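Structure incoming, see below.
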Amino acid sequence: MDLIWLIPLLPGLGALVNGLVGVRAFGKRTAGLVANAAMAAALALALYAFWQLLSLPADAREHTVRLAAWIPPIPLALGNGAIGGFTVPWGFRLDPLSGLMILVVTLVGFLIHVYSTGYMHGETRGAYARFFAYLNLFAFFMLVLVLGDNFLVMFVGWEGVGLCSYLLIGYYYEKQSASDAGKKAFIVNRIGDWGFIVGIFMVYGTFGTLDFRAVADAAGPMGVEAAGFGTLSIITLLLFIGATGKSAQIPLYVWLPDAMEGPTPVSALIHAATMVTAGVYMVGRNAVLFSHAPMTMEVVAVVGVATAFMAATIGLAQHDIKRVLAYSTVSQLGFMFIAMGVGAFAAGAFHLMTHAFFKALLFLCSGSVIHAMAGEQDMRRMGGLKPHLPITYATMLVGTLAIAGIPPLSGFFSKDEILYRAFLDHKVIWGVAVATALMTAFYMYRLMSLTFFGAYRGPAWEAHGGRADHGHAASGGGHGHGGGGWRGPHESPRSMTVPLQLLAVGAVLAGFVGVPAALGGGNAIEHFLEPSFVARTAAPPGATAPATHEARGLGEAAHAAESKGGEGTGHAAHLSRSAELGLMALSVLAGIVGIAAAYRIFVRAPEIAETLARRWSGAHRVLSNKYYVDELYGATVVAGTMGAARGLWAFDRSVVDGAVNGSGWLTVSSAWVSHALDKYIVDGLVNLVGAVLEAGSFVVRRVQTGLVQNYALVMLFGVFAFVSVYLFVR
Amino acid sequence: MAEAAAFYILAALILGFGVLVVTAKSAVHSVLFLVADFLCVAALYVTLQAEFLAVIQVMVYAGGIVVLYLFVVMLVNLKRPPDAQRDPRRLGRLGAVLAVAVMVELAAILAVGWSRPEGEAGALGPSNVAQVGRALYTDYLIPFELASILLLVAMIGAILLARREM
Amino acid sequence: MPAWFSLNDLYYLLPELVLASGVLVLLVATALTPKRRQGWLSWLALGALAASAAAVLAVARPVPVDVARGLISVDAFAAFFKGIVLLAAALTVLLSVRYLDTEGARHGSYMFLVLCATLGMMFMASGTDLVVIFVGLETMAIAFYILAGLLKPDRRSNEAAVKYFLLGAFSLGILLYGISILYGMSGTTNLRALAEAVAARGRDPWLMLALILVAAGIGFKIAAVPFHMWAPDVYEGAPTPITAFLSVGSKAASFAMLLRIFLEGLPSLSGDWTILFYVLAVVTMTVGNIAALTQSNTKRMLAYSSIAHAGYLLIGVIAGTTRGVAAMLIYFVIYAFMQMGAFAVVVLLRRADVIGDELKDLGGLLARQPFAAVAMLVFMLSLGGIPPTAGFMGKFWLFSAAIDANYVWLAVIGVLNSAVSLYYYLRVVVFMFMKHEAAGSQPALSPALTTALVVTLAGTLVLGVYPRPLFELAELSARALGVVGVSATVF
Amino acid sequence: MSNAANFPILSTILFTPIAGAVLLLFVNKRQENLIRWIANLVALLGFLVSVPIWFWYDPAGPQYQFIERVPWIPSIGADYFLGVDGFSVLLVLLTTLMGAIAVLSSWTAITDRVKEYYVFLLLLQGGMIGAFVALDFLLFFLFWEVMLVPMYFLIGIWGSDRRLYSAIKFFLYTLVGSVVMLLGILALYFHLHDVTGAYSFDITKFQAMHAPFDLQWWVFLAFFLGFSIKVPMFPFHTWLPDAHTDAPTAGSVILAAVLLKMGTYGFIRFSLPILPEATKASIWWVAGLAIIGIIYGALVALAQKDWKRLVAYSSVSHMGMVMLGLIALNPVGITGSIIQQLNHGISTGALFLIVGIVYERRHTREIAEYGGLSKVMPVFAAIFMVMMLSSLGLPTLNGFIGEILILQGAYTANIWWAAVAASGLVLGAAYLLWLYQRTMFGRLENPKNEHLRDLSLREIVTFAPLVVLAVWIGIYPAPFINRTAPTVQAVMQRVNPEYARASAAAGARQAPKIADCDENEPLTPFTTAPCGDAAEGQAPPPPAAPEGGGAPQANPAGGRH
Amino acid sequence: MITATHYLLLSVGLFSLGVIGVLTRRNIIIILMSIELMLNAVNINLVAFSHELQNVVGQAFAVFVIVIAAAEAAVGLGIILAFYRNKETVNIDEMNLLRW
């Protein structure tokens, strides 16, 4: 386990090799091989490390490796006036939570790498290596993110994955929309990072350390800020702002749908399975802090549920296959935050894991579809693909059922756990979440229907036999056929279908690690993860509130003993087994209803969709325009910033500079104000002084008339002035 | 009383001729009034028991300098009247006003009164030519000699400037 | 009281006597040399100046010596200024050699006048009696009136002479009127006796009047605003080497006189004249710099720059401390080098076909005459006070004197002014380094001019990097001011 | 390792470029390639001779090391007094490195008046080094002013468009500040004389002096004007975009990388330790201006259509960050400020080089003229990407380290400073990414860009050290941070003595856990620095310059030679 | 009783007349003469003080002033002649080649 730092480093090396050498020298085969080998090695190491972790006793499953001092200690005062030392090590920590995450990242990552070798084969040689370099780099940063033992190392990964996301979204950089989307992703993430980083400063100021474990241990004995809005609440709120950016929650979710401009494997890996869950992971990582700040928890839950619902509604009306999935991702991330917000950290992490499998699967399937359709992403031009793409269809169906929460697929267990915990916490949240689950099932099956069922609506392929210029430049789908003409929808190569099948297996089986007690399972994953969510220091006796709260948040079994003192909530956290089963049934029902409705509308009677869209045209328009949020942001935040920028620039050129140039000053006073604002005002305050001096110079020169008697006059005036001053002043 | 009468008469003459010098239309007239003025000043010196200076005044000023002026005036006045052109930017009138203002100020300050510096009650006889001579040749020998060089410079300079060739 | 005159007096007057002899020899030699072959007279003049300088060194004494019944003080202060004046004169001679040939003027009479002016300046620096100072001043002034108008065919030269003369005579009237009142207040013209008498009188209104009038008269000589009006016109019109001499020698001697009269003669009124000079200094440097900003004629620009420098130099007077005086002395040496050097470049540009005093005549000088261009760059930077040139060290001393004497705002105005001044100094640089080459024949260096440039450049650079000897000398000299000397005893 | 032989290393560093400039004067100006070779070799040599101080400087020793002291003008107490502490070591190295890079980058960019160009460039180099190594106030000021002249010429002769205007603006603007600063120096100088009875320009004496508050206040204002114009801080920044825009590439690089550091160097070396009370009284408005600068600079950068001007305004923003860390007056903030100065030198220098590359090829800086360059210049695009990321503070690159330390320091001083200033990071990402998108991404639509050459080997070599440094500082900044410790410690002793007192304990408490420890890099520098004596008022920082000017032997056992 | 003050007031008057002349007349020669008036005013002062103080210095000084007045007159007239040769006038308003 001392070698865990190698897990991120291997893909890092892969990225280095491919980035420095590969883009110039490697053939596609070599480049793909390097990247895949790096990922495979990382996967192997991760499996080994995880196995070692499991072999430890449950309360000792934590291992920290520190490579070096990143920032050596520098004295700094803390919030309480004491002087501490600000220092950050390059430290990595393996514990159950990070163990789970590295497994997900390396496993899903590896599969997507494999998939990409097939999907990206149409790229030119350099671009191919570049893609894999980025992908490896992403894996590197993602692993740093999850393995980091302190806030700053996590932040390294945090920003790093943002960068890779930027690079990969903008992979087709010649496409304006792609580079726009990349930029948007990065900047919106940066807005979130603002909160994260300020939160980090507060963490240091409060605890004097940035180490997760030390922070958690220090926060453990602190009181829960149930009554007011204390330091921990502010910290957690700031951290959560960071999470909303990375995990695409309201109000910072807008970048994720646009991020679908990237190649589909990227969408699968980054924007579905791993990176976007970083926010969830971060909240889970700081579970102790969050659980001490109930007000933040409320915010988290509300934001989560609102995002889940809103994204699901938008998903109903999208036509782009990837966009549907993107909104679905946003929605599912909302679910995870609901879990976090209601204190079900383990459930959230569980859903994170299952989601990684089925959403990656769904994305890769959509990639397969797009591949088959030569880059077409609009579902209105698909349909009836089932016979052409049997494997894709089957695996995608598995994914759809999983996300819809149909037992015994993985999505069922994790989603159900969240719904259950939400029900315990707040009925309204639960209600909305169930509605969302229904919609999820609906729009996912709508996607299935539009893609695989019905009549084929796409272009005729025989007529396009000679079409050579399709491919990424035209469609953005990132797919090319090595120069050959498109010969109609067809199943993808093995390098793509095998990962699909493996992921489908995962999507089916991943849920079984968390079979709830109500179904006779042991909820193994929750027990496994739980040490990551608690402070090691025991709560001081009498501090009932935190204990109670943790009990609520962390599962009753673990803290049953501690929650003895706590009454009310502690007991309310239990439902009878039958009630639990009833809830379970309800959620399954929601899934089935959704699927059935979608089947009815889109497969059986497609005209209903038209009718509905016409009848609810207003709502439909709002939904298909994504609630106009992008437009709103464009009109307010972006326009405001750019307006300020332009205004300040004008200010800079005219006033600040102008006081010292003068030409600006003169121009302002002239009638040409409108034109001048743009052009001359800029050269305006600095130059004013210059102009004044120059004007002064001319005045002084005019006095020099060349007439001797005037000179004598000036001299006499000097005498006169001095004498007068003497006479009248002194 | 006689002293006072002499002073007032001479003062009136000096100032009167001074006004004429400054206001005379013709430069020749100016020069002539200047001679008269200088002679009056010389007379004033006599009343102040500065006979030597009075003589010098008559000899150098009235005899030398004024002749020079007259000569130059004659030389340059032949062609056209000098006051023909007038530059509007010249502030002559303001100059006169300012000069009067300065005069008033000076007079105001000087009229406040003057007192003899202490411990300097020297003895200057009624005929002090010898004393002046001694002062010039002992105390002020160095400036006296320097003045000779100055006069040499002036002489050579005047020649340099006045002759036609370079 | 010692004998009215003795060999001792003659010994201590050796520098002046040597120079006066040089003047007479030169006069005779001029008379005997045909017009076309007068070139060697310049070297004769240079020899006389060198001999005089040697004599200055020879008679220099650590303790001030009173000579000629207290009319003259042979002290380090005087020696320092004599050194500056002689240096300026020597450089003027070097600048003049080819200039005179180009203009077709005679060397002999020109050099005679230069030496006479120098003689007058030396008396101004060493005189401790108003009469000596005044006669020395006039000797210098009259020589300059003539020198300014020496290029008779040149109407600008004529005009400069007339203006300088009329205004000079006018200001002389004012100065003398002031001096006459001073005499009336004290019964003496000796500065030390004057100081005692004035101290006894206190702030008498007459004294104040005299003070203002004398300040106005001297203000004219040092070209302080508002008594500066003559300077730009005369500097532009006069022959360039004379302009240089006027701006350095005349100014140095006038400042020496100013220090003598005010620090030695009127120290008890320092409260009053400090304010007066404060105002003069501020106005002078500001107006000088502002007016210089838009000039297109190099000489005229340098004239305004010289006016501004008078303002800076007044800071030393205002501070009134030993440090202040030392700063002035230091600055004058430095100023002599850089100002003479700048004029040397202007002289260089005077060719048979080009007058060369417009800024555009400097165009592309770097390509045409790199040495001169680089030298001019150094002079301009030095005038602007940029290290590592000497000008920085000079300004540093002046401003430090002001700060030391608690005239912080004066120093602030001074430094801001010096920043403004860089604008027009750099304009010169722009023309030399960044503009196209000007028309006209190739400016060529003559041996004399090269010597002058090398000397001024070396002075400007060396004093900027290693000013130590100058500083020590200047402090020594400044301390001598106002010290009553011992009587002369050599023989 | 140490400077066992008391080799006058600082003088060597200082005079190498100056000697090179003098040497160039004697080369025929038509032999342009010879001139280029000489200049490059001299610049490289200048860097190589400066490398030993990185190794020889002992963070555990006295603050100032490699002391050289020779009387210069004894009558006023000015000495030729050189010495460096960790901060100046870093800046000197930055200067020599950037100097070499600037010279190298000019090979093909400058074809006109080559000889003068290199002479000025090398003189500039000498001036900058001098300012960083001088421990005599007068000497410092001398070098400080000397720099203006060659820079003026670099902009004025080899600049573009409005070069004369920009050059004179640069010159006068900075001159105004520095002359006022000179008055401040003089006021302190006379106060030192009043206190000690001796005239001296010894900076270490000033740093031990306690001036009355009134004097401190005025002098602080004077210094502030001088330094903040150089930095430049918000209302005094307008010379910067013009100067940068019109300067030749090497000029911009030097200007951004080194010249601006003069201002912040001045604050840390002079304003803070000499005028602690006045500094503390000014924290609020200085921080306010710094924060305004961060946001204002970023916003104005966002509005630029001119590539170079955009980078110039980003400089304003970044330097605001540097100032913020500095005025936080705690060790983390100041350390961050110092590190960020290096970072800014590296990243912004590189960004100017990047503009220079395309400007040399296309002779326009209009962003709209470019687009899609990634296609034709992939290596260039990659380097640009790295430097852009470094500039916007991506972790694992250098900018992040500085910004995180600065913001943490600012947070400790005042929560709102950090909160507001951190928004600069967002804006920074916005303008840089947008710039990158507009120039590198998109389709190559301008036919003039179709045949742009990618980087030549020489150009890659100019960037290589910068990229290496960016990554090094980003991943392992400890050697840099440790070297700043004596400086920070000395400053703290003046402005915030609690830190000086508590640092030993803090270091001991926080130090463990960290496994790695390079032998040359003690991880707890604050423990070793002398501090915490009760009478810290009287005790001057310990630079102990023995008579005769030998460097104090920090490591007696280290004499291997 | 005629005191020094009387003489001073006289000299102020004469001095001011000279000043007015300098400032108002256009003929350079008359300006020169006005300056002579100013110098005479100075001399009246000196002699009056000399008499009042019974001190010879004033008279000696006055001698020097006269000498210098003479020298100035000579040089001044020479300069005017040189000017006149070029310009054919002694009008001071026509002398404005050097300005600004």
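Just so it is clear, A, B, C, D and E label the chains in written order, and each chain counts residues from 1 on its own.
Assume a contact is a pair of C-beta atoms (placed from the backbone, for glycine too) under 8 Å apart; a residue touches a chain by one contact, two chains touch by 3 or more.
What you see is a predicted model; the values in this text were computed from it and never measured.
Undergrad: What is the set of chains touching both chain C and chain E?
TA: A, B
Undergrad: Let me spell it out: compute each chain's centre from its C-alpha atoms, then which one is farthest from chain D's centre?
TA: Centroid comparison gives B as the farthest chain from chain D.
Undergrad: Using the touch rule from the top, work out which pair, A-C or B-C, shares more C-beta pairs.
TA: Between A-C and B-C, the larger count of C-beta pairs in contact belongs to B-C.
Undergrad: Compute per-chain Cα centres, compare each with the mean of all protein Cα atoms, and return the closest chain.
TA: Of all chains shown, the one whose C-alpha centroid lies nearest the global centroid is D.
Undergrad: Based on the averaged CA atom positions, which chain is farthest from chain C?
TA: Of all the other chains, the one whose centre lies farthest from chain C is A.
Undergrad: Compute the distance, rounded to whole Å, between the mean C-alpha positions of chain A and chain E.
TA: 95
Undergrad: Using CA atom averages as chain centres, what separation in Å is found between chain A and chain D?
TA: So the centre of chain A lies 37 Å away from the centre of chain D.
Undergrad: Using Cα averages as centroids, what's the distance between chain A and chain B in whole Å?
TA: Here the centre of chain B sits 100 Å away from the centre of chain A.
Undergrad: CA centre of chain B versus CA centre of chain E: separation in Å?
TA: Taking the average C-alpha coordinate of chain B and of chain E, the gap between them is 6 Å.
Undergrad: Could you pull out the residues of chain A that touch at least 2 other chains?
TA: Touching at least two other chains: 701, 704-710, 712-713, 716-717, 719, 723.
Undergrad: What parts of chain E, by residue number, touch at least two of the other chains?
TA: 4, 8, 15, 18-19, 22-24, 28, 31-32, 48, 52-53, 55, 57, 60, 64, 68, 71-72, 75, 78-80, 82, 85, 92-93, 95-99
Undergrad: If I count partner chains per residue in chain C, which residues reach a count of at least 2?
TA: Residues 131, 134-135, 138, 142, 145-146, 149, 152-153, 161-163, 166, 170, 174, 184, 187-188, 205, 208-209, 232-233, 420, 423 of chain C each touch two or more of the other chains.
Undergrad: Of all possible chain pairs, which ones touch?
TA: A-B, A-C, A-D, A-E, B-C, B-E, C-D, C-E
Undergrad: Would you pull the chain C residues touching chain D in the complex into a rising list?
TA: Residues 366, 381, 385-388, 392, 396, 399-400, 403-404, 408, 411-412, 415-416, 418-420, 422-423, 426, 430, 433-434, 466-468, 471-472, 475 of chain C touch chain D in their complex.
Undergrad: Please give the residue numbers of chain E that touch chain C in the complex, ascending.
TA: 4, 8, 11, 15, 18-19, 22, 28, 31-32, 35, 38-39, 41-42, 45-46, 48-49, 52-53, 55, 57-58, 60-61, 64-65, 68, 71-72, 75-76, 78-80, 82-83, 85-87, 92, 95, 97-99
Undergrad: Which positions of chain D touch chain A when the two form their complex?
TA: Those in contact with chain A are residues 169, 173, 235, 237-239, 241, 296, 299-304, 330-332, 335, 372, 374-375, 378, 382, 389, 394-396, 400-401, 404-405, 407-409, 411-412, 415, 418-419, 422-423, 425-427, 429-430, 433-434, 437, 440-444, 475-478, 481-482, 485, 488, 492, 498-499, 502-503, 505-507, 509-511, 513-517, 521, 523-526.
Undergrad: In the complex formed with chain C, which residues of chain D make contact?
TA: 72-76, 116, 138, 141-143, 145-146, 148-149, 152-153, 156-157, 164, 168, 171-172, 175-176, 179-180, 182-183, 186-187, 189-190, 218
Undergrad: Please name which positions on chain B make contact with chain A in the complex.
TA: Touching chain A: residues 87, 89-92, 94-95, 98-99, 101-102, 105-106, 108-109 of chain B.
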